[in-house]
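Paired with subunit B in one complex and with subunit C in the other, subunit A is shared by the two complexes that follow.
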Partner chain A sequence: MKSFFKQRNNGKAVGLLAAFAFFAVLPLFIGEGYISLVNEMLILAVAASGLNLMMGYAGMVSFGPSGLYAVGAYTTALILIYTEIPFGLALIAGPVMAGIISVVVGWFCVRLTHVYFSLLTLAFSQIIHTIIFGWYGFTHGDDGIVDIPVPEFLSSITNYYYFSLIIVCICLALLWMIVNSPFGKTLQALRENPERTEFVGIHIRRYQLAAFVLSGVFLGVAGSLYCGFNKNVFPDFADVMKSTEMLVVCLLGGIYYFLGPAVGSIVYIFLDKTISSFTEYWPLALGLVIIVLLIFMRGGIVGFFSESVAAMKERGRAKQHVSH
Partner chain B sequence: MNLQGLVIQLLSGMSVGMVIFLIAVGLSLIFGTLQVLNLAHASIYMLGAYLCFWISSMLSQVSGSFWWSLLMAPLLVAMFGGFLEVLLLRRIYGREMLDQFLLTFALILIIGDLCKLAWGVEYHTVDTPWPLDKAIIFGGLVFPRYNVFLILSGPLIYVGLWSLIRYTRLGSVVRAVTYNREMANALGVNVPLVYTGVFMLGCWLAGLGGALVAPMSAVMPGMDMVVLIDCFIIVVIGGLGSISGAFLGSMIFGLVTAFGILVAPRLAIAFGFILMIVVLIIRPWGLMGKPER
Partner chain C sequence: MAVNDVSLNIEEGELSSIIGPNGAGKTTLFNLLTGHLLPDKGRILFKEKEITGLSTHEICRKGIGRSFQRTNIFPRLSVFDNVQVAVMSWRKKSRNIFLRAQRLLREETDEILESVGLGDKTEKTAGLLAHGDQRRLEIGIALGSHPELLLLDEPTAGMSPEESERTVDLIQGLAREKGLTLLFIEHDMNVVFRISEKIRVMHMGEIIAEGKPEEVRANEEVQRIYLAEEA
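And now, the complex of A and B:
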């Protein structure tokens, strides 16, 4: 935990604490509908940040994050409806199961590169989707699992909000430590130049598999949290649209920035709800937003702002480099 | 299951495979030359189906309205494709794969919604055209003529396309650009023009697939996503960038799906993916493709 604070200057730490305080007092000022909305943003932030560990940091573009997300959600849901295991354990089982599945899926996927890697991740997530969809007797197929029992103290919207806020903060802190650890730096080296990284003596596939599994675990956390939040799970948690949604969220915020996916999920859900409220053509609007982002704002929202303030910070950053 | 049933299943598997071949071969051709995996390719196909419906209903007074729309819809789609390539795709060549995925994904959303805006969310149907609206009865087998027409048109397009790439000057230019873009450029080939041309050809094929599908299934929103995934399976099995691979992949895919439904109806879709996974793991460049240089 020490290094977590050491690596950031005071301004950033204050900013983070302020953000946490903001989210913590938010429920006092807004209605329950909006609390749910913010809760959704928080959960999507974990999923997208987890995906970005693999995509932005390690440069492995996955087309199938939704498969692992759904594994998390369904594991928790199935345990809760079929067994008496307490909620906390069911919630932990989600990411554990997602991690186990990621080891298997990842073991195959990291053998491929570029577009083949992406297509294989897509195929595996489609298999997961088909299993959920087709195994009617166990997963209730396209009816989904509804009315999942959640303990009394978490059934109110506000309480669940605080519960997920804490888990989301822990996850983001863990991810922050991972990307700044030697492991995280190795992943970035691997993204920039796999050949050279290999020559330095790094076992590329092992690192990629580790990134794949870690990313899968965080996707599982998000899935399990969403299961408790929504109290219903459906097979479309695993479909292609959900995967692309996560990819778009990362792009929207900026994949080369730690907070990019988190900012992306806040903006994405905000846009989704606002635009959907006055037109049914939200996909059209989203498509246009993506094109504008790709052509005019390549670094995403966070990239755009950090570049525009870069000039101001130029001198400060130069000093920082010297002191390192 | 008797023999007749098996033959019917075989024929319907092949007719499904042949339509998807038209779409998949366009996807593969575009990937081979432009190095862009165009996710919006199936949306182009959907646009072809809608245009076929639209044109044939506009011309409903004219005899042979379907045949006119079969001619015109793919051409319009190809023009639309050319417009997309020049306006948007051109900006992202050489960028990271993620950018290409997202741009073409954005096109899926935009084209899908534009179709909804133009033609509504309800189902549309196109009548099976004369003289293919009857069934063929042969030795106790009843099989629609239209499906036979589809089964025949697939190989026809395949041979045409293969000869175009293999034997014509145009084809050798395309192969040169595919093989080494810089060198072709240095030798005076107008590479951007070839890119636009190949993209339009791919779109024309997708549009043709869409127009051909219109009489045998409902034209409706969402018809693109199903086909997109099927196309991925086919091009991966056959090898990305290979015309013959797309043909072989489509045959395999059509048959596996048709017979898969007989074995396990609920899990039929999974067979395609399992095939794709096996090919990707054992031979990532596909059955007919070449390993990456």
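And now, the complex of A and C:
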């Protein structure tokens, strides 16, 4: 039994190392356009995984993650254009600010449950969008903030890719630690049955707020990272379409699997770019993807495959029994 | 209506039951004791300290555990996780984000699972267990918070007679072994008269009789209510 677990864990570690090695050598084989594309996938993976801490693990479905993502992006952008504060600090300020805003927004939101919670998160992201859009003198409104100064060594696409890769790995490692901690397990219990969780002595609102803020911080990291990558930020970072995108990414990969959102990000951006290249009706394709997911693949891609593998093993075992 | 003018005193270490027709207010009484409902009037004391108006998670921490009438578990978590969540909360580990939960408090959790007869099913998904096992798991979750007073709301509901007997033995054993004070709601009179040291009868939101099983059995008002129900 014990050796079985050890084996499985080793397998996992080898898999993760292989994935890291793959992403590390990737730029040697592909052009800059594709490096950018993969970078976008990585950043979206952090946003979606952060969102999924709240959605998949704690069962709190947010309709407004883009608000906090935009807070991260704009905080970094504004600091870089208005002040002399170095890039590193501006990058850290993004998630810090997103965390602070999350405390305020979350404090209200966790007072509600189910669809009311979701709608309130949507309302807050709309408020954030409106502020960014309307405060022309400060945020440049719908012109966005363009040509954000980024340090020399990070302005090359490949260098920024490696920079992102490191941060993304750190974020995913932190999220992995959180979801496997006692806190993470308690969040899962909360998702399954809030009433019962409260009656094992858990102050559930406090835990929900903590999940909300942690989610917000990772959304902020993604926003800041994207700001440095794109060197331009726009109000539509905070809009409903962006939130929908993050939700779909989580569902696409599978919300009950740690790597679901990351896999979802890769597939989503791949579909987005391929389909957009030969038709302008990408939203139509997106709609079809959502329908297929919700009706035929409720566990998402990761869920679909892990269930198929489990079923195959089961069949294999059954066959063995028959032949003996 | 629900619960009206109820006064009861539960002695430490006693094993007692509440019976009464449907709608008598038994579950409502539990909900008042555990803070799921707030009384309009009156006070609730636990170990000589006032707990009226505390929230449910605070009351749980004071040492009152509970199982629910409708099975109330964490369906998609493993059997082990179901109980471990409660144990972690009791041990004040739930907030920790740096520890790895997998091996945490394993012995204690396994011991509780063993004591409710689920020692061989720890890795199973809770929601896929048979009904009787789910009911026992619920008792396991309640034990995870180390209660001194355990309230069980129809612990044998929906069980086959054999299962029901097994569960009753288990409850009795637990109460003795851990020195629990136990109060349970039950419809199955065989169970009630077999293990209760004291029986309380509720009707229309009031406690109308209270005493040893033979006293309650002989009580005329109780007989009238139960006969009227059957007629």
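Everything that follows uses one rule, which is that the second predicted complex is superposed on the first by the 302 of 324 C-alpha atoms of A that agree within 3 Å, B and C clash if a C-alpha of one lies under 4 Å from a C-alpha of the other, contacts with A are read in each partner's own complex, and residues count from 1 in each chain.
The working rule: contacts are C-beta pairs under 8 Å (C-beta built on N, C-alpha and C of every residue); 3 or more make two chains touch, one makes a residue touch a chain.
Quantities reported herein were computed from a predicted structural model and do not represent experimental measurements.
Undergrad: Looking at A:100 after the superposition, I want to know if it touches subunit B, subunit C, both of them or none. Which is it: first, second, both, neither?
TA: The answer is neither, since A:100 touches no partner chain.
Undergrad: Which partner, subunit B or subunit C, touches the larger number of subunit A residues?
TA: B
Undergrad: Touch check for A:26: first (subunit B), second (subunit C), both, or neither?
TA: A:26 sits against neither subunit B nor subunit C.
Undergrad: Quick check for you: in the superposed arrangement, does A:204 touch first (subunit B), second (subunit C), both or neither?
TA: After superposition on chain A, A:204 lies in contact with subunit C alone.
Undergrad: Regarding the shared-chain residue A:193, is it in contact with subunit B (first), subunit C (second), both, or neither?
TA: In the superposed model, A:193 contacts subunit C only, not subunit B.
Undergrad: Tell me which partner A:183 touches in the superposition: subunit B (first), subunit C (second), both or neither.
TA: second
Undergrad: What part of subunit C is in contact with subunit A in the complex they form?
TA: 34, 55-58, 60-61, 66, 68, 72-77, 81-82, 84-86, 88-90, 93-102, 104, 141, 144-145
Undergrad: What residues of subunit A sit close enough to touch subunit B in their complex?
TA: Answer in residue numbers: 55, 61, 63, 108, 111-112, 114-116, 118-120, 122-124, 126-127, 130-131, 134, 136, 240, 244, 247-248, 251, 255, 281, 283-284, 286-288, 290-291, 294-295, 298.
Undergrad: Give every residue of subunit B touching subunit A within the complex, in rising order.
TA: Subunit B residues touching subunit A: 31, 37, 88, 91-92, 97-99, 101-103, 105-110, 112-114, 116-117, 225, 229, 232-233, 236, 240, 266-267, 269-270, 273-274, 276-277, 280-281, 284.
Undergrad: Of all residues in subunit A, which touch subunit C in the complex?
TA: 177-178, 180-186, 188-189, 192-193, 195-204, 207, 210, 256
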